[in-house]
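Order of writing sets the labels: A, B and C. Residues in every chain begin at 1.
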Amino acid sequence: MADHVLTLAEVAERLGGSLEGRGDIAVTGVSGLREAVAGELGYLTLPKYVSMLKNTAAVAVLVKSDFDRDAPCPIIRVEDPERAFTEVAGWFAAPLLVPEPGVHPSAIIAEDAQLGADVHVGPYAVIESGAVIGDRTAIMAHGWVGPGVRIGADCRFYPSTSVREHCEIGDRVIVHNGSVIGSDGFGYAVDEGGVRTKIPQIGKVIVADDVEIGANVAIDRARFGATRIGKGVKIDNLVMIAHNVQIKDHAVIVAQVGISGSCTIGKHAILAGQAGVAGHLEVGAGAIVGAQSGVTKDVQPGAYVIGFPAMPFDKASRAQAHTMRLPHYKSKLEELEARIHQLENGS
Amino acid sequence: MADHVLTLAEVAERLGGSLEGRGDIAVTGVSGLREAVAGELGYLTLPKYVSMLKNTAAVAVLVKSDFDRDAPCPIIRVEDPERAFTEVAGWFAAPLLVPEPGVHPSAIIAEDAQLGADVHVGPYAVIESGAVIGDRTAIMAHGWVGPGVRIGADCRFYPSTSVREHCEIGDRVIVHNGSVIGSDGFGYAVDEGGVRTKIPQIGKVIVADDVEIGANVAIDRARFGATRIGKGVKIDNLVMIAHNVQIKDHAVIVAQVGISGSCTIGKHAILAGQAGVAGHLEVGAGAIVGAQSGVTKDVQPGAYVIGFPAMPFDKASRAQAHTMRLPHYKSKLEELEARIHQLENGS
Amino acid sequence: MADHVLTLAEVAERLGGSLEGRGDIAVTGVSGLREAVAGELGYLTLPKYVSMLKNTAAVAVLVKSDFDRDAPCPIIRVEDPERAFTEVAGWFAAPLLVPEPGVHPSAIIAEDAQLGADVHVGPYAVIESGAVIGDRTAIMAHGWVGPGVRIGADCRFYPSTSVREHCEIGDRVIVHNGSVIGSDGFGYAVDEGGVRTKIPQIGKVIVADDVEIGANVAIDRARFGATRIGKGVKIDNLVMIAHNVQIKDHAVIVAQVGISGSCTIGKHAILAGQAGVAGHLEVGAGAIVGAQSGVTKDVQPGAYVIGFPAMPFDKASRAQAHTMRLPHYKSKLEELEARIHQLENGS
């Protein structure tokens, strides 16, 4: 993080902020108030974290214009400390990877595949017959684009991703390393002896624009028709999306969530980490499913459900609170029984 | 899905079904009744879904021969609507990937590796020393087959799979993209200071015939001996199988399940999504472990367990139902106390 | 396992142990007492497993020097049966993979990348600009080392791993197939319409010495600064570690655990399988989080927590036990009500 050094005065000036304290101190990077080491700049937005100022080792802190507390170090007043912090962080960061336009000589591209303008195809990437790749899209090292796949413009596929045959990807989609789009759905016919025969999974996956898919995700193709990921959906690492699932626009699927076959996840719904949804269910628009929750029936639009089986937050919290008071209820029960016993014995 | 167009009369004729309604309407694909758009054919098997007919946009519906309800669209009577539907779906689907026999010139194959007849080895696949690949098996792009690995006939390894050294795979095994067979078990010796030293994991993985393994699965090799996956076992995406696990024939392991070291999973047992099994346990033949359940002791053959800790369904459901009634029990407790109080005061 | 055959007498001699029983019997491998088949040698350390001797098919059993029970087969007395067993297992195992020093001609290495002495770079591996690889480290087939990455000495990266730009890896680190180090953190700015814009993730991942990372793991880079994995940390398969997480030395993260952004996991803490930790929390040094538990607030050093929400083991177990007794409490409540009713009616 110490590739550049700026003075506090320079930082304040570049941000258009107002510095209080010495301007000649060197800033070498940024960090959270708790983790900051000497030379690093922190920021404070929420009043509830003001106590963290006391123990921070930050060289200075970005605060709101109307900040009215004491600080043990220089402060820089700005309109939006978090945004300013993000900007400063960018000054100190090593440059992120930007794939250059061009096809690496080791890439294998089928003769009938179509590449748009300024496409990047990395070393050892393979693009199969009939695939279409839009302008400025990057398929990085060891990527595999199956036959008949269509990928839009301005996408980035990090190394070692796979897109199985006939899947369709929109524009500005980001897919992180190791993710698989279009693997077979988990579908079998079972005979009377409990032996399973594979049902061909002849559908595909359709991913809309502006989707981001994390690392080592698996999205199964549909048994027929399409598994669909809507516009602007964000999917975190190690998520499992089964065949024929329909995720509507702008939903958020946090890490390690599993969504069973043929579920619908509504617009702007949020599934928190490690949650699961049983098959053929609908999670309504704007609903929130808590971390590790298990959805076993439809979730109403806008609802907030938690637990297993998932139920509305209030109901589940109340049951949980009562459960923790069970030792008390048990004692009360025993006390009442003793008092009844006394009454029965006329004493 | 609209690569072909057939008329309803043509669909009915090909299926040997009986059409009621106009025969000249175009069919362009298939879909579920709920998701169908204009031109798509649906199907109805179970009477409980009959109400879905009202609102479907399907162009026509496949129904059982003895169907006796009204439909808002043409129907085609067939013996088995689901089977007929699957058949029609196949007519409209783009062809699935079929790896052609042949070794891609970019594949790297050790001199002493043995390839059977009509094997497919895809671009940039690597087959190490002493590996043996059976007839008609496909190792697709970027696949890695470690030294001494034996793979049977008619297998398909999708792109970017890895099989570590000395593992053995049967016939007709399918492995989806990104899966790893034979990674080291998670075994360490711990010293008094809590520092861990790796215990060499010198066993292997043996996968029997007719197994299917989903995407981004990890199956660890045994500490010694073998982790074994039985005949016909089906494993979904993102599953974790630890060292020395023994999965018996025809068991089903749904997505994101985790099985700890040295467990035995019985024949035909089913582990539903995101379930976990603690180490050294036995899940009996034909047992079912519910989704997200945590198995902490042996499960009897044929049992159906749910929850954490996993217990028989009836017992767990009863406890769950009582838990939800705790607010009522608490009120009742307060009421009884008031009545006792009155009795005590002689009123 | 039967590549070699030794007699029992030879095994005893090599171990410096004392044989009781026939020495001319052939040993062809090793196994657990339960799974052993003819020819395999087992071992017994804990007295509680002594009953397993009765039914074992093991050809002989390694026991402690002071073993004083009957055995149905020959025994070899040794000081540490488990250690002796591990040693014997090594004699019978096929040799594990050891990557030879050397750069495969198909590897693509940027001109300004620096390779130490005796490095192994496997077929189709790609090492990008500015990367530095330490002595004797192996980057196996299909591995990808991003620009500016630094990897120490004596590391082993199994096939198909990825390390994103600028990440730093210590010495003697092992990374299993399919794992991803440095994928983007899951961070977005949300506008009033619920549409998310990506926040650049400009930090990196720093992995200390002696870490082992399982298969298909995802470790996200920091939003700024670094996600840090401390010295000697062991991470099992399919684990998710979010941006800015700090894992302190010698912690153990079991399979399928998910750790949310900005958490700190203390020294020697253990997170059991499928556990989850919500964002910005601290799990104290030496704490244990039970399998499938969901941590929703800070965990004290040395604490043992289970369940969702995770709470101290004793408290959670007590609540669990009371929950199972709810049917009994309900009956008791009804009984008391009847008795009160009788008292009220003066009978």
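Heads up, the rule we're going with is that contacts are C-beta pairs under 8 Å (C-beta built on N, C-alpha and C of every residue); 3 or more make two chains touch, one makes a residue touch a chain.
Predicted, not measured: the structure shown is a model, and the values here were computed from it.
Rotation angle for the C-alpha superposition of chain B on chain C: 120 degrees, rounded in steps of 5.
Of all residue numbers seen at the chain A-chain C contact, under half occur in both copies; the interface is built from largely non-matching residues.
Between the Cα centres of chain A and chain C there is a gap of 24 Å.
Along chain B, residues 124, 142, 160, 178, 216, 238, 256, 274, 292, 323, 326, 329, 333, 336, 340, 343 each make contact with two or more other chains.
Those residues of chain A whose C-beta lies close enough to touch chain C in the complex are 1, 29-32, 35, 86, 89-90, 92-94, 96-97, 106, 122-124, 141-142, 158-160, 174, 176-178, 212, 214-216, 232, 234, 236-238, 250, 252, 254-256, 268, 273-274, 286, 291-292, 307, 320, 323-324, 326-327, 329-330, 333, 336-337, 340, 343-344. Per the touch definition, chain B reaches chain C in the complex via residues 108, 124, 126, 142, 144, 146-148, 160, 162, 164-166, 178-180, 183-184, 186, 188, 194-196, 198-200, 202-204, 216-218, 220, 223-225, 238, 240, 242, 244, 246, 256, 258, 260, 262, 274, 276, 278, 292, 294, 308-309, 315, 318-319, 322-323, 325-326, 329, 332-333, 336, 339-340, 343.
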